[in-house]
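Going in written order, the chains are labelled A, B, C and D, and every chain counts its residues from 1.
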Amino acid sequence: MTNFKKGISRRRLIKTGLAGVLATGVSPYIFSRSAFAQEFCNAPTGDTVTLGFNVPLTGAYADEGADELRAFELAVEHLNGEGDGGMIPHFSSDALTGNGILGKRVAYVTGDTQTQSDAARDSARRMIERDGALMISGGSSSGVAIAVQGLCQEMGVIFMAALTHSNDTTGKDRRRYGFRHFFNAYQSGIGLGPQLGDAYGTDRRAYHLTADYTWGWTQEESMIAATEALGWETAETVRTPVGAGDFSQYITPVLNSGADVLILNHYGFDGVNSLTQAVQFGLKDRQANGKNFQIVLPLVSDLMAAGAGNAMQGVFGTSNWYWSQQDEGSKAFTNSFGAKYGRPPSQAAHTSYVQTLLYADAAERAGTFYPPEVIRALEDYEFDGLGNGPTLYRGADHQCFKDVFVVQGKENPSNEFDLLEVVSTASRDNVTYAPDFFEGELGPYDPAMC
Amino acid sequence: MEAIFAQLLNGLDKGGAYALIALGLTLVFGTLGVVNFAHGALFMLGAFCAVAFRELITYEIVTTDPEQLSPWGSPLEIRTPIAQQYLGDWGAVIIDYSVPLSILLAIPVMLIIGIVMERGLIKHFYNRPHAEQILVTFGLAIVLQELVKTFFGPNPIPQPMPSTFRGAADVGSWLGLTPGAVTYPWWRLVYFLFSIGILSAVFAFLRFTTFGMVVRAGMADRETVRLLGIDIDRRFTLMFGLAAVVAGLAGVMYTPLLPPNYHLGMEFLVLSFVVVVVGGMGSLPGAVAAGFLLGILQSFASMTAIKNLIPGIDQIIIYLLAVVILLVRPRGLMGRRGVMES
Amino acid sequence: MKDEFVADSAAADRSAAFFSVRDVHAYYGESYIVQGISFEIRKGEILALLGRNGAGKTSTLRTIARTGTPQLKSGEIWIEGKPVHQMKPHEASRTGIQLVPEDRRIIQGLTVEENLALAQVAPGHGWPLERIYEHFPRLAERRRQDGVTLSGGEQQMLAIARALARDIKLLLLDEPYEGLAPVIVQEIEGILNAIKPLGITTIIVEQNAVAALRLSDRAVILDTGEVAFTGSAKEVLDNADLRHEYLAI
Amino acid sequence: MNVLRLPRQDVILFAVFAIVVLTMPIWLTPFGAAYPGLMQKFAIFAIFAVGFNILFGLTGYLSFGHAAFLGVGSYTAVWSFKLFTMDAIPALIFAVLMSGVFALGIGFVSLRRSGIYFAILTLAFAQMSYNLAYSVLTPITNGETALQLTNNDPRVIDMMFMERTAGLPSPSIFGQPLGGIGGFYLCAVLLLVAFFIAQKVFASPFGMMLRAIKSNQTRMSYTGFNTRPYALTAFVISGMYAGLAGGLLAVTDPLAGAERMEWTASGEVVLMTILGGVGTLVGPVIGAWLIKYLENIFSAFNEGMLHATFSWLPDGVEDIVVAVTSKFVGEGWHLTLGLVFVLIVVFLPGGIMEGVRRIRSAVANRRDNRRTRFSTSAAE
């Protein structure tokens, strides 16, 4: 390690309220920085601790990103003891007291990932190097999440992934410094399989349209495995670029492919567009092989359902969480989110909120911000009350294990947000797999110096 | 066979959009000699005319009822759309047909935008190098799209098509094929016919009116037209407005097919430039032919059989064709001598 | 000879002249082409503008028509008391100045009739189409044809006819015989002779100086962008030295 | 050493430039830009723009596809890390060579046309590279996910000397790690080298020849002189600059994404060059710094900071001022960029450097005027 590496990265000014245009950087730190030694990257020295929220505000997943940001803001409020406390009173751990984290007030900075790995890493670096963020959260694209997770490992900053559903995030690309609360594509397949079998029978031919990146690939793989286990055939798998907008040229070939189910491994606006366009092409009213043609959207959120409108009716998918859940934690979160923003939270918002709380809780329980200790506090941690029932943060791959909800688009929504209903639940035991099911290596605990 | 036919159909609507954008681009280029990188932004602005129109007519009076709570804990909102309140059933019909009706808004708005753009900025660049024209219009395109982002946000805003046109037409059965073998969404059919209509109107205008004759003459030889006493600049301003209207209408009607976002123009711009170059700089029939050709080729390239033959061809077909055409026929399919060659 | 011209023009009353060019300087980009030319024309006169290749004849015509290239840097151009030097090309055309360029500039994609009709879009109409067709029956035959498909002679006819379709006060003819077969040259010469009695003031630039001079009343000879001689057409025809020095004939 | 000799004023320029670049961590501090991530970008994009200017500024060929070479450089560097060694030097050499090869191929074809046709050809090639990198070339590029290091990369050379560690290695130079400020100094030194080479090119007969291409393409081809080899050389050189920049992006952050090749990225380097001043040595560097600064700093402003800035205004006025200015910062910084850019092209076609020149000559004129006035009054 050279002294160079410590760099000039500790900027505290932005969040101290001094911040004016010039104050972004008016600081004599360059001369004083070497004076204090720091035991790990961005160790908080003042009375605040800064978290970095890196979400897509543009691109195919911008809707999700905006909702994640709302949830992060809410979580920060609750951690600082403002508002009604949301899920904190219902959380099985009582380490959080509304007194910030370890007595330090929580501040935050945000960045736009643009749904691109490059831009996401840039903005994460800015938050770590310039703004001194101690933890990064966000996602909404597994490509982005994996890229940022890698960066965080290098810089020794904990990454609490928000919405990322690829198997790889905690599979082959798992990292010691990365944690995922959200479920994954494999679990979606396990959850969705039996439901599809019940509804559509065992003699089906499926046509896959797949977003061409890590999430799409793993979801396609998981869905093929789940449907072929039912006895279905796979007619064709076609990769589509992320953010394609117009999917008509990919949908037309479905018409004469001999398939009778279309599986859309798309998310966000891509999912909305491909689903509505598929419906425009009359796929839902179609007969194929003597059966009614069906469309499946394996990962679905209420934001997508809102975007797709009528097209979503009757379509099956899975969800990490849905706001009409009736457990106390979910109700409290929905109420406090609804009161603040006038709309119910999406699953993206939920996982972002929960991840922020879990990080804060782990730091409290560890009694330090020192990342290896926080990591150990999260590993193999069993908790409850955060909306998904009893949940395990498995130490071997940093994946959460909890129930998976199978949802269906409502035929007659009672209001503009009541679009999905939970039709079945795959139990945590069912969706749990062996840690080495996906090969991967977490890497060292030792903190790198950013 | 049916698959091929289905892909052919599928190329038509996109081809129509390309043709309309390329037509306006060529008009501006041919008459004013300006390479307009902001032309895609005009398409996008047209699309947002539809968005604005819909927001206008679906404007709701929101009152909250503190007595009741919504399921997510906020006070219950009671929304009353103004159009429906005052116009009753007619309001509902207007809302249903908001996309085609927004043409009425788009025509004057786009005409004004076009004229202001030409008078305010473009006209100062007639005698500047093409590189500078590209740059200033590129900058203008950024400004326009960012303004739209400021007002409408970064996310796509879906525009529903009129309910009559939802679903797909069984085109196959019209042609005696197996029913259901070739279906094509009604709105895409509408879009194709609409683009044919606009294209015919523009060509008829150019062919049969004096104004059109002057414009055609101006595209071929600006100097001579001026020497015959015609104040061509004034007409060109109007021409620019017309090109903006064509691009805008193409955008309005495209909204149900692709929810518009502020970035839409840039996505179409690159493609339409390729279309113009393939068609031949300054050739109107070339632009139209190339528009449909590329739309259809792009659609064919997505066929599984072809993709298996040449992996990735669906991603690059347009650019590949542009390169080949430029190398083999530097003036494009129907380009003339002397355009963009000085 | 220069002195003679200076004395001559200085004596002339500006307002009395139908058309005058005063100390005009014009540039193509950096190159200085028209280097201070002055002359004037009385109404109804035909003036031959002569000189070797590159003497600045075409540039002078283009400057008068205000085409923009070459660029007029200084000097004045007056027609019937109107300041042409302050005008844009279409304004100049509306004063009655009409250039028939060397390459005819028949507009591609327009029919013969449209080429003629184009001349009557702007204010200042000359001959109606019927009269043009009477005088040019060959154009009448080909009225539906694309203008550029005509032969060279026919294109020249069309160009002249197009000028006549405007309310013409000053006709600028640039190399009307250029590139035409001798038979056709005769035909065009016939046309020009036929319109001569109409009394249209004309400046004619022509390589074939003798042919031009046969048509003209007066002549101006240019040399490297400046006026080298002004006088009657007959003087030039008679003065072999002059012809030899400036026209190489 | 003749190769290293430069005219006197160029030596001064280089010295000043070197000082400015190397002291960035100090003078950027008041601007809030002195963090390694941004300073690295400053140096890297300056290299990109300086290289682009060798093509566009000297020959006038406007390439709208230069980002393709940047992307190729990045991918090559990351592959060098994955296959051979984490050392930056081979990665950069491979990056420069590979993008040079690409530039040779693309330039050879594209330079058959000029003007806008050339621009469209380069654009088409770049978009093809981008779309392919995104889709079928996924085994090489890892598509949307972006090419990254993994634990089981072969790294054959490194493996000969050391054991595989538990975590991911990071790029280094002679064993010195390159994170943070060290990475900046590597980029800065390479920027100086790149700048020096550009100075040499500008001053050389070859540079003269390129300028001649710009000023009169047709006349040169009339005289039977074949300009294409010269233009192609310039194209390849600027492609290699782009490759170096791309390689450095990978060195400072070992990841390569396809979006680096998208046409908007190509547009960005054009903006940088124009903004600073086409055909000048320093202009593109200033343009690159300005745009990257705006992007990183301007875009990070939020309403809270604006409120703090304008808090001295009366309440109602403050809200309005904040509401208006917030459209131009943060999310809206592109609007500022677009406006600045349009204004520059309209009023200062020569970019910022032309502005500097005009101000300088205005000042000089004023001084002259004053001197003349003084001397005339003295004469009286």
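By definition in this document, contacts are C-beta pairs under 8 Å (C-beta built on N, C-alpha and C of every residue); 3 or more make two chains touch, one makes a residue touch a chain.
Note that the structure is predicted; figures quoted are calculated from it, not measured.
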Next item on the list: May I ask which two chains are joined by the most contacting C-beta pairs?
Entry: A-D
Item checked: subunit A and subunit B, separation of their C-alpha mean positions in angstrom -> 36
Notebook entry, point to check: Taking each chain's centre as its mean C-alpha position, how far apart are subunit B and subunit D in Å?
Noted result: 34
Note to self: Using Cα averages as centroids, what's the distance between subunit A and subunit C in whole Å?
What the structure shows: 78
Item checked: Inter-chain centre distance, subunit B versus subunit C - centres from mean C-alpha coordinates, in Å -> 47
Notebook entry, point to check: Mind pulling the subunit A residues that touch 2 or more other chains?
Noted result: 57, 241
Notebook entry, point to check: Can you list the subunit D residues in contact with two or more other chains?
Noted result: 131, 134-135, 331
Margin query: Touching pairs of chains, all of them, please.
Written below: A-B, A-D, B-C, B-D
Check: subunit C touches which residues of subunit B in the complex?
Finding: 210, 213-214, 216-217, 219-221, 223-232, 336
Note to self: Touching residues of subunit B toward subunit D in the complex: what are they?
What the structure shows: 35, 121, 124, 128, 130-132, 134-136, 138-143, 146-147, 149-150, 154, 266, 270, 273-274, 277, 281, 311-312, 315-316, 319-320, 322-323, 326-327, 330, 340-341
Next item on the list: Could you pull out which subunit C residues touch subunit B in their complex?
Entry: 65, 67-68, 88-90, 93-94, 98-99, 101, 105, 107-110, 114, 117-119, 121-124, 162, 166
Item checked: Partner subunit B, residues of subunit D touching it in the complex -> 60, 62, 109, 112-113, 115-117, 119-121, 123-125, 127-128, 131-132, 134-137, 263-264, 267, 270-271, 274, 327, 331-332, 334-335, 337-339, 341-342, 345-346, 349
Checklist line | Residues of subunit B defined as touching subunit A within the complex | finding: 2-3, 6-7, 9-10, 13-14, 70-74, 77, 154-156, 158, 160, 166-168, 180-185, 187-188, 257-259, 263, 267, 298-299, 302-304, 314-315
